[in-house]
């Protein structure tokens, strides 16, 4: 059993109102570390056994077709741990 | 300039309707690799220069206070690249 | 004139859309997402709602429903297709029209009587209006902010494909106040606000929405 | 400890059991042993403990609530009375309507979004269970002070949760309440109301009749949700292999519920069920024991067949789980294939988990071993009943002596500043910041919603038949005098329906109180129930159902007694309803009902930090005459507009009327302070054309309701005596409050 992680983030040029809301809430709570915040999605996909190269390629396809919308989002796929 | 990533996931025992919806959509599209899918949030926080230990500690606090809801969610904090 | 109204799991405004078709004088035909079947309809409406709970992204899962295959083929062939709200999101996810609909800038669901201006009355769904006619119909969504890249925006503006624009304050952060757009040919229209909720002053803010449904009936006679 | 079976319970009668940790008193535990003639198994103990909890058994309130049945008027309109999931009322033309209000207070404080969302989900399933299509929701809410930091956490979350769930179900939100008071700071109230409609023949009941019929569980899979609170202890005690802590918070999946609704309605339409029950509080424990006791009592359930989301759940936990979006149906064997087919069409998980027997016991097995063997009535209905001590609290006489004399405006400048203050105070300010997050249009039948006096939906497009619902509670008055407070809330809700022209038919209620173990709170509760029962009897309205929420307190400080009363009415033709405001100038404005000095418990007193005094006495005979007048006037198309006066008095009603369509008014009144700010019950502002003034005078005379002309419509200001307030100014004051507070 392993976990494949797909991270999906809005493309940098697309407005991210959620990230913006977080970025402006932080200083109100006294947190001044951030110069910018972007919010995206994280998918944890459980697969049986060690992920194979073929499986990972399939996940790439699924990430492109379903998990992200290429018009506005980028994604990355990786195996965790 | 560096990026601190905060991943926020629903606790394992909490129902994740979104993950469930994705998990049942995948096989309909012919993707059979997943035994389970959980969907969470990924925050990319940009900070000036290399993140200090103090900054990371602050991010932990912010993650607990603002970025996650400890009643139903867990989070992890890490520096990317 | 038969107008199909598609129901996905989680569709909400299908009965309203069917009622609007009837009010306009057409015959509404129920289409089920799981049947790859258009039942001989002359036009199709993808109604509003929360298909598949709006999980993942609005419209992202519905877009792969069996009914979409014949529907996409028919629409590419010129059949009038209107996506309202969630239906607009399905059209965008299916790349039948450019761009994407994202979270409202203020991050809230917003239900309000919205003034829009019909900027292109040459589409299958807007020919009953006069150009630049201002109408009020309900807007209700959480992810209605239209986004696309600069090039696409320029193209939409240049080709007159922004069929309706919000009037007044931007209600959700849509680029260039976009409320609705069409494909090149003008048979496919995506519209964020809900004309089907404005066909009777008793139940809506007025009757301004009826024109979308009478338009398609006229378009089909032509 | 392995699986505790009935055999083991018999063999080891003295095994110590954690009944106290499960919230059972020693004598309650003793009576379980007496019922069973042995110690309960751990699964039985789990069932009894949740079913005998205050929430499920109404053990503190039962002795009082029975007045609703005893004092009730006999009426043929009541098709299903108290006791079922929701009462059902005949509204004519073969239609029946069911409605009910319930609380989800405590969960919404812990996790505002999910607490409120699952509150909506729960009440909607109650309505669906009766066989009805849910057609609208309402949400009476109470919060701590509007500017308190925790209110800023709780309110946006609750509102987003109510909207998130209701919008996704496609149910128009047609009304509610938003009230702020410091006693709710640690105890916000989230009450949710749902209305459903069906044909008479479609009514379904929770009963498992017919030996051999199948028990089907359908909907979401069962997880560890809601086995929290006391039960967290339980899951530890029961040594489950799962996560040490089960989540106390339930997460809702409105999409699954929407599909469950459509799937169930399709199943009902084909008449495929004998009985049905939703899974709410106490989950399967409740559903199985209630279904079984609705029949002969005999039922066999194989608990290992329950589809699980979390495979580590123990049988005790499966019985107690409050996972959302589940239903339990009794289906004849000949119909099961079609039942399962419809479930498959909607992609709804459905599983046969047992069958009805001709015995008298509910028998539950787990992997072949008998773990529950009980007479189901003893679980579902024969729980403990307490006659808790009650005593009038000391504050009652103390506050009655307080002199309530907030400053009253007399000069033009004072009137103006008073009006702007009233317009913007959080309890009276425009609530669109909240209501704009709710879909009010979906289904295309909404005739009235916010900010109207009542919500109204059309139920037949051809005949134009419709129903109206209003909810009201005046906790300030209930605090001063809970008996009168309940009657006054009832009268107000009924009046709010009648202003639109609908005839009140039936009552539901959600009684939100502090701890029943406090004799003072218990007295407030008893007085409230007595008041409501007397009021309903006098007004000829049956109570069709409701909900009691106790333990709403922070430390020893209880919330104000908050009986939320919902009244449902019928209107034959929704097209003729009387709107709450006017669009034209030149109409004459009248006040129906006389104004006395009623500042005790008023919003103006609250604004000035005054809480005491003497509540008004309800004159229900006068209220009924007023209601008759309003309904008759509506029938003869007498009114151009009618708007109720309540919290905030004439001042806020005028503000709401002029702002609605941006048409001003000129008002001339004596004693402007009292006229504007007193909250004397039984008053309504009406607008009529000059041609109808005689008819109005006659009608008022006939019903012995005082009538006074107060002004006329028109202009772009609200003019009161010599004070002029522009509509723009008034609108800003009215609408900016929530934006400023909540962003």
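Order as written gives the chain letters A, B, C and D; numbering starts at 1 within each chain.
As a working rule, contacts are C-beta pairs under 8 Å (C-beta built on N, C-alpha and C of every residue); 3 or more make two chains touch, one makes a residue touch a chain.
The structure presented is a predicted model; accordingly, all values stated were derived computationally and were not measured.
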**Item:** Pair exhibiting more inter-chain C-beta contacts, B-C or C-D
**Value:** C-D
**Item:** Euclidean distance of C-alpha centroids - subunit A vs subunit D, Å
**Value:** 41
**Request:** Provide the C-alpha centroid distance between subunit B and subunit C, rounded to the nearest whole angstrom.
**Result:** 34
**Request:** Calculate how many whole Å lie between the centre of subunit A and the centre of subunit B, each centre taken as the average of the chain's C-alpha atoms.
**Result:** 8
**Fill in**
Separation of the C-alpha centres, subunit C versus subunit D, in whole Å, is 36
**Complete:** Going by residue number, subunit C touches two or more other chains at 52-53, 55-56, 61, 64
**Fill in**
Residues of subunit A that touch at least two other chains are 66-67
**Request:** List, in ascending order, every residue of subunit D touching at least 2 other chains.
**Result:** 253, 255-256, 347
**Request:** Take each protein chain as a node, join two nodes whenever their chains touch, and name the resulting shape: line, ring, star, complete or other.
**Result:** other
**Item:** Inter-chain touch pairs (all)
**Value:** A-B, A-C, B-C, B-D, C-D
**Request:** Write out the stretch or stretches of subunit A touching subunit B in their complex.
**Result:** 1, 4, 7-9, 19, 22, 25-26, 29, 31, 33-48, 51, 55, 58-59, 61-62, 65-67
**Message:** Considering only the defined contacts, which subunit A positions touch subunit C in the complex?
**Reply:** 10, 13-15, 17-18, 21, 66-67, 69, 71-72
**Prompt:** Residues of subunit B touching subunit C in their complex?
**Reply:** 17-18, 21-22, 25, 28-29, 39
**Asked** Which residues, counting only subunit D, touch subunit B once they are in their complex?
**Response** 110-111, 114, 220, 223-225, 242-243, 246-247, 249-253, 255-256, 309-310, 323-324, 347
**Request:** Under the touch definition given earlier, write down the residues of subunit C that touch subunit B in their complex.
**Result:** 52-53, 55-56, 61, 64
